[in-house]
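Structure incoming, see below.
Chains: A, B, C and D, in written order; residue numbering restarts at 1 for each.
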Amino acid sequence: MVPLRESYTMPDHDRKPVDTDQIKALLHQKKRSMRLRLAACAGCTLCAESCFLFVSKGRDPRYMPSYKVLNSLGRLYRKKGKVSRAELEEMKDLLWKNCMLCERCYCPIGVDLPNMIAFARMILRSQGVYGVYPHSLGAPDGDGDETSDPRRQSDQGQGEAETNKAGSE
Amino acid sequence: MIIATKKQLEELKEMLRGYSKVLNVGCGGCTAVCLAGGQREVEDLNTQLAISFKADHVTFEIDSFTVERQCEMHFLSALDEIVKPYDALLSMACGAGVQFLAERYPDKPTFPALNTVFVGVNRDIGWYEERCKSCGECVLAMTGGICPIAMCAKGLLNGPCGGPQDGHCEVNSEVSCAWIKIHERLKAQGRLENILKICPVREWQDQVQGTLVLEPYRERYSRK
Amino acid sequence: MYALARGPLLWLAALVFTVGIVYRVIELFMLTQKRERVAWPTHGIRVDSPEERKLRMIISLRHSLIGQHPVMAIVAGVFHFCLFAAPIFAKGHALLLRQSWGISFWSLPSSLIDTLTIVVLLGVLFLLVRRALIPRVRAVSSFNDFVFLFIAAAPYLTGFLAYHQWLPYKTMITLHMLAGELMLIAIPFTKLSHMVFFFFVRGFVESEHSVAPGGRVWSP
Amino acid sequence: MKSESNLERVLSHGLFAVTGELGPPRGADADIVREKAKHLKGRVDAVNVTDNQTAMVRLSSWAGSLLLLQEGIEPNYQMVCRDRNRIAMQSDILGASALGIKTMLCLSGDHQTFGDHPKSRKVFDLDSIQLIGMVKKMRDESKFLSGQEITKPPRMFIGAAENPFGQPYEFRVHRLAKKIAAGADFIQTQCIYNMERFRDWIKQANDMGLTEKVYILAGITPMKSLRMAQYMKTSVPGLDVSDWVIKRLEGVEKKKQADEGIAIACEQIEEFKQMKGVAGVHLMLIEWEHKVPEITERAKLLPRPTFQESAQGGSRVGLSDEDETHE
């Protein structure tokens, strides 16, 4: 096991470069099983509706379980861990803002997406990148992390949100 | 995690009788994880209700919307516009979530679709076990990580009653005696002295509605 | 080229395919483990009311893939069925088997195989259009996805053309064999590996959605 | 003397004590209590009045205790933690003491699911050991659990129960030690049908010096029949019925099984009289109170001592001849 650099204080990620070797080592730990899952994804998008966020947020493809996985863990493997901090920040939104990890997504092929999201989250945490509750005092971006502010989410979701109909006359 | 389970259809129909346009609000938090109140269950219940009311020749329309968590106001705000045309709201959150939903929309009758049963663990898919009574004064340090408040039928704090049979609780022979397990574990860890001392009378923490404000945030909420 | 495709390359493809599939299955067995159950639930079982039980079938059907995405579910089902059936029961393949090894394998009438092949090609067309036009599918598509659609379609297209001899037969049949060999080799090691994954995981690994709980779970 | 309890007097004089048990009726029927009391009067030193045993609603134990007081019998007022919180318990203890109850037994109580109101809410604000500690604090420190002063403290002889046969076996003697540390003055044990295990348990208690700090009364319930023995062996939680008990009952014809049961009980009592660390016996004759005279007679437990109050606060031992006046 590679020791995780879990930081409980304010991460000084502005100064520290991304530790590619550490990401690589972490990716390597579950390489076989994760790559197998990534390869098995046929990109059919049938997982989309099983994500309540996808449905609630106006069917934005960025909330699709497969999209979230392919663009976080998938990208990390594709790039062999060589990602910039900006990329990690992008992934952070996918992994924390766009996913509640309720583990209810459905894949017709059987890919267990939540497992992959959880693994990707762990890798991001090793670099001091993680979703922070808005306005929490320990937030890396100080008082209020813009990108993970749920109020923004809901504003964005409101216009497009649609309810699902099931009625009878 | 908070474990809840769906009320039976008959009870829900009785609750909703007289309301013809209802919004069923799912919760993406604990109740989604325990297969009780996520989007899938919302859809299942809506289909059940729609078919059932139709069979009774009752006009009934039900729609769905699932939010991240109903125990947080800013997640509920996504519903502000959506709830407008509805006569009533049905919530598939835990008891806490239902109340927050009802608080946000005080003019909408809000009904619980679930029974919140306990704070527990996910033993397996669709199989949950109670572990915590949220008593507010954790004794797990003394009891080797096994809670006698939640897992002993009498909530005893000073060792087992006289009744355990073959390691099982006298109240239900399907349940293990918490104190036998505590004794076993502490013995294995060489920490039996923990339970040889008398555990004094507890100061129960459930007198009034619980509130918790973290010290670093105290300033923020102090009255100006 | 024809001889190469019919001889060594065919052998090679068959070998790679077989070894690859076996490798994948073994790998999946290694990546999963038997679920060890030490305790069983003994009480607290929630009983559905009779009305809920009555509605259970309808609801599970309505919320299954068929209920949710009927078109996609049917197309995907039929497409995959034809994808398997057409090559296995093609007369030409049975003939080849008899010539080489003297094994007789039953086959379906050519006209039926023809239909199956057309269905496969239509299915590929459907998936292609879907991938190209629907935004959410495009969002998770890469160039590779189109390549694999092509790899999947090629043997059927060439086989169809060779059978009908609309183009020079010898060229088409060589292309057909090459395309088929390419596909066989690709299955275990590319996106097409979802063939193995699907049967193994949906059948053996327990999950909320597992069809046949096989008592296995992913290893940590 | 910690109390004016008759039981305490008997025990502190080093006499072999005998206690009985009386279950109040499921009705507002004082006569039933009086009727049962007749069989016990003069034959035991105190009588346990059960507190809604097996969680079945019954006439309350303090009211039953008062009825016994009126009959001239010392009640051993049982109190369980199942139904009352600390406020109700302390208030009941004060009330009981004010009305002349001097002995009480502190129990956790049978779980409500065994009774006729299985879905009632459980209280268990305290457990039995904490209850013992609370009564001791009230008596010795003249303080409520809260620490506030009591104007006139209750004078109670504090009893507790222990089951030497409960699991985990090796913890039972430590639980006894905890009850003593909490303030128990005497212990009544669960019904004993496994003498080996009981001997082992009392030996452990002797070795730990516990029997010097507390009076242990061995629990006796004679078997009425073979069926009862079999039922108790298989279906009663926390009971340990040895095979020899069953064998002996099997050895006699059905009519004589009750007699054999009493014979076994008498033999046990004889052994307890000699056993180091045992200060008396507790006879639990469930709905069999009329057999108390026979058993006490056959076990040579009669006559029971009586005490005459002296002006100096001491007491003088005498022997009761009550059984003659009652026959």
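We adopt the following convention: contacts are C-beta pairs under 8 Å (C-beta built on N, C-alpha and C of every residue); 3 or more make two chains touch, one makes a residue touch a chain.
What you are looking at is a predicted structure, and each value in this text was computed from that prediction instead of being measured.
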| item | value |
| --- | --- |
| Chain whose Cα centroid lies at the greatest distance from that of subunit A | D |
| Centrality ranking, top chain (CA atoms only) | B |
| Approximate Å spacing (C-alpha centroids) for the pair subunit A, subunit B | 27 |
| Centre-to-centre distance between subunit D and subunit A (centres being mean Cα positions), rounded to whole Å | 65 |
| Gap in Å, rounded to a whole number, between the CA centres of subunit D and subunit C | 76 |
| Sites on subunit B at which at least two other chains make contact | 35, 40, 43, 47, 51, 172 |
| Subunit A, residues touching no fewer than two other chains | 104 |
| Overlap residues in subunit C, where contacts from two or more other chains coincide | 207-208 |
| Complete list of chain pairs which touch one another | A-B, A-C, B-C, B-D |
| Residues of subunit D that touch subunit B when the two form their complex | 81-82, 86, 108-109, 111, 113-114, 122, 124-130, 133-134, 145, 161-163, 165-168, 171, 174-175, 177-178, 181-182, 190, 237-238 |
| In the complex with subunit A, residue positions of subunit C that touch it | 24, 27-28, 31, 65, 68-69, 72, 76, 131, 134-137, 139-141, 145, 190-191, 193-194, 197-198, 200-202, 205, 207-210, 218-219 |
| Contact footprint of subunit C on subunit B as seen in their complex | 5, 8-10, 35, 40, 43-44, 47-48, 51-52, 123-127, 172, 174-175 |
| Complex contact set, residues of subunit B against subunit A | 23, 26, 28-29, 32-33, 35, 38-40, 43, 46-47, 50-51, 53-54, 59-69, 72, 74-75, 77-78, 80-82, 216-217 |
| Residues of subunit C touching subunit B in the complex | 37, 39, 41-43, 46, 48-49, 51-52, 55, 58-59, 62-63, 206-208 |
